[in-house]
Structure formats: structure tokens, C-alpha cells
Amino acid sequence: MAIGRETIENLLKLGNPKWKTSITSVEPNKLKTRGYPQEDLIGNISFPEMVYLLIKGELPPKSESKMFEAVLTSFCDHSVTPPSTQAARIIASTGSPMHACVSGGLLAFGKHHAGAIENAMKTLQEGVKRSHGDIEATAREMVDEFLESGDKIPGFGHRYHNEDPRARKLIELAKEYGCSGIHTELALTIQSILLEEKGIRMNIDGANAGILSDMGFDWTIGTGIFMIGRLPALVAHIYEEQTREAPFRKLFDTEEIYYDGIDERRIIKEDEK
Amino acid sequence: MAIGRETIENLLKLGNPKWKTSITSVEPNKLKTRGYPQEDLIGNISFPEMVYLLIKGELPPKSESKMFEAVLTSFCDHSVTPPSTQAARIIASTGSPMHACVSGGLLAFGKHHAGAIENAMKTLQEGVKRSHGDIEATAREMVDEFLESGDKIPGFGHRYHNEDPRARKLIELAKEYGCSGIHTELALTIQSILLEEKGIRMNIDGANAGILSDMGFDWTIGTGIFMIGRLPALVAHIYEEQTREAPFRKLFDTEEIYYDGIDERRIIKEDEK
Amino acid sequence: MAIGRETIENLLKLGNPKWKTSITSVEPNKLKTRGYPQEDLIGNISFPEMVYLLIKGELPPKSESKMFEAVLTSFCDHSVTPPSTQAARIIASTGSPMHACVSGGLLAFGKHHAGAIENAMKTLQEGVKRSHGDIEATAREMVDEFLESGDKIPGFGHRYHNEDPRARKLIELAKEYGCSGIHTELALTIQSILLEEKGIRMNIDGANAGILSDMGFDWTIGTGIFMIGRLPALVAHIYEEQTREAPFRKLFDTEEIYYDGIDERRIIKEDEK
Amino acid sequence: MAIGRETIENLLKLGNPKWKTSITSVEPNKLKTRGYPQEDLIGNISFPEMVYLLIKGELPPKSESKMFEAVLTSFCDHSVTPPSTQAARIIASTGSPMHACVSGGLLAFGKHHAGAIENAMKTLQEGVKRSHGDIEATAREMVDEFLESGDKIPGFGHRYHNEDPRARKLIELAKEYGCSGIHTELALTIQSILLEEKGIRMNIDGANAGILSDMGFDWTIGTGIFMIGRLPALVAHIYEEQTREAPFRKLFDTEEIYYDGIDERRIIKEDEK
């Protein structure tokens, strides 16, 4: 078989790698994640340590490991009130398979829902960057800017909780584990001002935003971490819907719909004009 | 204002609960998951224990807690070879936000991909049910039935690994933690037969199917648990794609497409006929 | 550069086409769909004819073209009552982008929702196959079998409409266009029996199932066609939600949730036992 | 039965409409879309007219009806080269059901892919707004601004086509149907400059952006319209994958993956340090 130069060059071009990754390598009978053989990881590290390793490329120090475990656990569930849980259960009610229901639930992690953790992380990370160490003054400035703009400060206030029990616990643990740094300090300083002047406290997103930022997570990964923490609840809710509710259930009656300006019309054909 | 009987009855009907759940209750400043106040769970239980609690309604015994941690960790990642990871990265390449990329990746958890763990769990659970305790004979029968049908036994053989390192490690841990029961025994007995006669070993799905079944998980929740274990890798891959690759990248050339029977045609107008 | 045999063979292997398709070919400045240059199709065929061409590989005869247009139009919208529309709007309310909202809505096209059209097509296609031309007797048998099993006959009865106005119109058009064949006849015969004995009429899925089957569509494509017809409404509903409603709106109050058996519990630590 | 004031007030509150819509009203045996009884629409209007009615709330004038039909048809298919089609087929290969595959495909309509039509519409609509009628000067300014910024002008140039055959045909039709207005004029003027100076022509998105803008569609609905036009191809590709390809097929070999910096590491336990 004779192979021309052009063919060979074309073939060589095809030989270019299609994919490039630093996460896991695959060889027959050998899987290495971030360099560690998977059989050495399984049983030797915690699941949150695996999450940390996958995202950051390194295993966490012991204190961060415990903190990250608490962070993931804190995202667990907020019953059927979040739109993501409602979407997942409504989809489950139609008989879609588990993986489609979970995906549908996650699609509701839009900027007004899951976006809260990313916005809170971004706000704190930008705040720390501009503070030059003067957290007190920066917190004051940030509060004033938000009040002036009329926007809510992300990470503060909650539509169901005046005092979010998860936030308080997370801050306690951050101090106990020595994981509380300058971002958490900024969040707490903002809380002091807001509590005194507006009666508003930090919510779970504010607490986790400070802690995750102090652990070096970039704000763009915030929704990713929230999804990891919340997914088990979506699975549990879908399973509950599938096993305990009738399929295709009606969540409301047509009487609960308001038809806004739908007046009867008829098609005028050209020859009727 | 006078309210008629009909109105009241209608209103009362509307008062029926729209949603019913046993997972988490919400009151102002109080969240209870499966009865436990969330602030008591955060920092006191591991994340896998939270997953177990959400799905099963109870906290696991200590040995199962360690085992479940290893199971979730074992699902971590298989590089860019699974269709779910490819779909997630292709979607990320178009500039879709993180939550949409994750959802797209999970949609590839179809019956031929993530379905493997459910099929393996179902096969073992049905096997144990019909065994009346005679595992040896049941394993033999099951192997013969599958060989006769020409189907692969779910949970055995792997397209990349002759000896899946994750399976071996999981079985070791199951024995060490005392979590190996009759389903795992059935899986191991099937492996003995297949290894001798076909040179085929258990893969990660076979091992986890035995272990999860011994922990009392119904096979219908298998994909749900796999998704929880694999989600962190999807997040890591999407993040890698977003931060290290050019947007909208070309994964292949048009030369790599084969057009099967697309011959040029033209539209014949009625008046040309 | 010397290239060894092994390398060349490996390269040749890589040269195998990654993708194979009969739908559209791509060359520079030339796109042919099912053989027709796209610039000849645009402006010369209707959009439903394009849909037909893409799915079936041929342009439809004139009568089928008009019928298929009516079928797609009939799937248009059922207000906010379907779970797919609710899911799409709930997701839109969280600020997810249009394409993510549409995807979430489509994920609710599960077997109990969009599955209805496929089930109806399958039922009619299997009925015709076993009828050996005796539609009257087959219809009788099918009704008896369903009544005995306690299942609903797919395509008959509707939870909002006793007499589905879309079904009646579609059947009229099928007769007018000469598109009514043996599957539609079977559907109508079943309706006669059900109407007399149970007061139940054909719904939109029953009518379209008969018509699409008579046009030669396999039942497995039913959900695909329904999605094409319904997608514009999802886009319209998402747009309405985004432009007229406040973000992250509350669809119900916590008072409307019933917590089933969530009694307060506390964690018993090992050393307290 | 005695009902207290509080109960009644509570019940009345529940009676507030949960949903509000102007698209379609539902009464028993009566469905009205934008005021028109659906049985009057089916068979009397084209499917693109239904799309227009759903989105804009009015039926289109005759010329726009033909133009909109051509626009939807032009979005039909670009073979397996778009990431959305690849994602849909990869997901189909795993055995996911049709609706999940379609959803996964649509999730790839991110800002770098489907975003092109919206960006092109936005660019033209903003250009027209600032032009005060002087299209020539505005086009010159816009080209200069983009060239200076180094960004591509959305709607011009194509990675596969030097002269997009769909764009040329659409512009011809817009003139023939009298649907070409100031936005299309701006697009054509930009093309004249780019063609002379850079050899770059309008692509399908540029042409449709001008035309849809002249028909009064807001740029934020661009992706929605593209999805409606492209969905049939996704359905056809998924169907082709499901019926002609082996399940779970391998699109590349592990040799085509480049592992970037995955060096073997081992876990150092605390007591080994």
C-alpha cells in the first residue's frame, strides 16, 4: 500500500488530540485522578475531599476538609419551596426518568436562585480586593452603595428566615476550625451594620460565600458547589414524588388562572374584507 | 361582604395542601430534615451521611456510613471518555452557564450509560429473591441464562479495563467494614464463574450494585446515587473547559463526516411535471 | 520523517469517519438537506414540509403537506395547565436563559404527558396490524381488553374537555384532505363504542395518532413531532414570564405544604448511648 | 359549619390567581389562543403564522407570513457540525429518551452558538437606534468600532462558508416580499464595507437578524426563534442515531486524549509525615 504525503499529513492532523484534560488519566486497569490512583483514594479520603481534589487539583488541609464537609452539608435542602425542587417534582410527575428530572431541577438554578451564592462570593471577593485591609471602612462603603442603588446585598436577608439557623452554625464552625479569614470578616462586618440599621442578618449564602472565598474558591465555581450540595435532595424529592404521589397530578385548578385580556376574536379571510 | 356556600366550598378546596413531603419542614428560622434541625446536622454528620438521611430517612449505622462514603467516592471520574462528560464539555464550549452544562451532562445518563448500575442492582436483587439462599446454584443459572440470551451480564466486563481497580478496592472495603452481604456474595460468585469460563471480571457497577443492595437501597435509586457521586467531576470538567479551552471549539473536521446517500436532488414544481 | 507501519495503521484507524449522516451534507458554500440545496428549499417549501423532509427523507405529497401543517398547528398550546409549561415558567422565574428554560420545559414531556401521543400511535398501529382488515371487530376487542385491564385507552378522554374541539376539527380536515386511512378509521370506531357505552370521546392525541399513523409515521417519533408543535408556546410562555412577572416569584405559601411525619429528632452521639 | 373571619381571609388569599397569562384560555371544550378559538386556527393558518401569533399576539400580514416561513425554514440544519447536534446525538447514544436528547441538544444553544442570532439582532437594533436615519455613516462607524475592539461583527463571516448560500437567498426573498427595511439595509451596508475591505460576507444570522428586526421582533427572542427552526433537525438526528447507530458508541479512542500534567502522586498519611 502506497500512502501519499498529503494523506499522511492529513492523517497526522487527525492524530492531534481531540481532548485535553488535567483531571483524570485512563489507561487499562489504571485510573489516576489529579495524579492519585483511584484505588488509593477510595476508602482513604472523604467524599468532600474528593470534590475538593477534583475542583482544585489538590487535597485540602485537614481543617478545610472539615469545613468543606460542613459547607456541602449545609446546602442540603429547603423542602419544596425552591423553584428547582418544584420543577424537579413537576417533571417527575410526568413519568420522566430520574436523570431527566434531576436535570430539569438543576436548570432552575438561574441567577435569581443559585446565582445568590455566586453573587455573594463575587461581592465579597471584590470587596476584599478594594479594601486594602480596611475591612471596617469597606463594609460601610459597600452597604451605602447597595442602599443607594436600591439593590439587595447578596447573602443577606431571607424570604423565610429572619435569622437563618444555617448561617449562624457555619460561622461558628468556621471559627472553631480556623477557617475564618478576611472574606468572612467582611461578611460579618456587613452584617453588623445591616443588623443595627435594618434588622437584616446574613443568610446561608452570605456565610458560605465568606467561607468558600477564604478557602480560595473563585466565585465562578459557586453554583457548581451549591449544585453538588443540593443534588441529593433533588434525588430524594424526585424519589418521593415517584413513589408516593399519583402520576401527572394537578397542582392547581383552572380557576386559579387569570386570563389577562384574552377577548374572543375571529379570523377575517381576505375575501370577507 | 357575603360569601356563599359555593364560594366557601371552593375556597376550602383550594386550601388543600398543594405539596406533601416527609423530607424537610420549613418554619421561620427552623429547618428540620427528616426531623433533625439542620443546625444540628451541619458539622455533626458527614456529607455522605446527609445523602443517606435524605434518601433513606434515617442516619446510617457507622459501618455503612464509611462504606457509603467509599461508594460515592468510587464514582468520581473516568476522564473525558463517558458520553456525559463529553456532552457537558461540548455544551460548556458554547458558552452555556454552569448549571445548563451540568444538566446537559446528566441527560446523557441514559440506560446504556448510568443505567448500568441500576441494571446490575436489579439483576442482583432479583437473583437473591429467587435464590432461596442457594447462591451457588442461582449464580450458575443466571450466568447460563445471560449466555444463552446473548446479553451481557450488567456489572461485569469493562470496555477499558480488564480488571477494574475500583471494583477490587470496593470489595476489599466491604469485607473490612462488614458491609458485604448476600447480594455482594452473589456478585462474587458470578464473577468466579465468568472469570474461569470467560476471563471476565466484575466492574465498578457490579461491585457497587452488590454493596448498595446489601445496604438496602432499592435498585430504582441507583442512577440517583451515581449522579451524586459523578456530579463533582462534571463540575470540574466544565470549569476546565471554560477556563482552559477556546470557546466554540471544533472537535473534528468535516472530512471526518461520512455522508450516506445524500445525492443531489431538485424540487419539481407542479407546473413542471 | 519515517513513519512505521504501526503508526500508519493507527492513523488510518483514526481516519475512520467519526460521524455518519443522511440528513445534511456540508461543503464550503453548499448545504444539501436530503439532497436538496438549502437555497432551493428556503422560500419554496413550507416549514412543515421541511419538518417532514428532515424526518422522513422525502417531501410530502400536497395533501399530506396541508394535513401535517394542521397537525403541527393543533399541538400549539394548552395555557399554563401542562406540567411542561409550568416547569418552563418556574425555571424562567429564576432567571435562567431562554434555551435552559425551554429545555427544562421539554424534560416534562414524560410518558404520562407527551407519552400520550406515542401510546396512542402505538395502540392504533398494533391494532391495525392485528386486525387483518376487520376494523369493527378489532375495535371491539381492544376496548374490551382495556376495560378489563382497567387502563385508559390512550387518545380518548381528557381531564379538561368532554369534547376536545381540536380532535373534531382534525378529523374533519383529514376527511377533507383525503388523509384519513385505516388507523383513523380504527380510532373513530373505538370512539363510537366508547361514546355509546361510556360517554367518552377522542382527544387531540387520538386524532393525531390516527392521522400521523396513516401518513406513515412510526409511533416512536410521536413525542418528537409533539415537541415541534408545542415548542413555540413554550418560547411564548417563557417570554411572557420574563417580561411580565417579577423574578423568583412565590407560587404558593408554606401554609400550602403538608409535612407528613416530620417529628423532631436529635442526634445521639456514640458516647451518649 | 362556622367559618371565622381569619379563615375566610386566609382562604381568600389562597384564592389569588397563581398564574396569569395572555396566551391561551382554557374552558371545558373551549381553547382560545390570543382570542382565536383553536378550532378556527387549525387548518386556516400556517404553522409559522401560529408561531407568530403565539409570540407577538397578532396574526402577521400576508407578506410577513411568507417571510417568517422562509426564516424558520432557513434555520433547518447544518449537519453534525454544530455542538447542539453533537450533544443531542451523544446523549441519544446512551439510550436517553427523545425528549431528554432534544433538551440536551438545546442546552448547547449557548452564547457562542445560538447567541449569534441574538447578538446580530442586538447589534443591528442598537445601530438603527443611534443612526438617526444615516445608515451609511452608522455602518462605517460600527465596522470601525468592531475592527478596533478586535471582536467579530456578529452576523458576518462563517467558519465553513465564505459565501453563505442561505443568507443570499433570504435577502432576495426579503426584497421580493417587501420585508426588507432599515435593519436589513444596515446589514447590507455593513456587508458592502466588510466585503471590500476584508472579503467577509453576511452569514445566515446576519440576514435573519436584519429581517426579524424589520418584522419588529425584539432581539431577546432571537434564540427562541432559532430553536423553533432548528428543533426538527435535532429530532431527525436523534432518530437517525437511535435507529442507525449502535448504542453507547465510542467517538474517539483514549489515544486521542492528551493528559496535561497528570503525574503520579501518592497520599501521605499524617503519621507518615
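Read from first to last, the chains carry the letters A, B, C and D; within each, the first residue is number 1.
The criterion applied here is as follows: a residue touches a chain if its C-beta (ideal position, glycine included) is under 8 Å from a C-beta of that chain, and two chains touch if they have at least 3 such contacts.
Source: prediction; values computed, not measured.
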item	value
Of all other chains, the one whose Cα centre sits farthest from chain C	A
Inter-centroid spacing, chain C versus chain A (mean Cα positions, whole Å)	32
Averaged-CA centre spacing for the pair chain C and chain B, given as whole angstrom	26
Overlap residues in chain D, where contacts from two or more other chains coincide	10, 14-15, 18-26, 37, 41, 45, 79-81, 96-97, 99-100, 103-104, 107, 109-110, 114, 160, 251-252, 254, 256-257
Graph class of chain-chain contacts, one of line, ring, star, complete, other	complete
Chain C - residues contacting chain B, complex	17-27, 32, 34-37, 40-41, 44-45, 59, 62, 96-97, 99-100, 103-104, 252, 254, 256-267, 270
Sites on chain B touched by chain A in the complex	10, 13-14, 18-26, 28-31, 33, 37-39, 41-43, 45-48, 50-51, 54-55, 66, 69-70, 72-74, 76-81, 89, 97-100, 102-104, 106-107, 109-110, 114, 160-166, 168-170, 172-173, 220-221, 223-225, 227-229, 231-233, 235-240, 242, 244-245, 251-253, 255-256
Interface residues, chain D side, partner chain B - complex	3, 8, 10-12, 14-15, 79-81, 83-84, 86-87, 90-91, 93-97, 100-101, 103-104, 107-115, 159-160, 247-248, 250-251, 254, 257
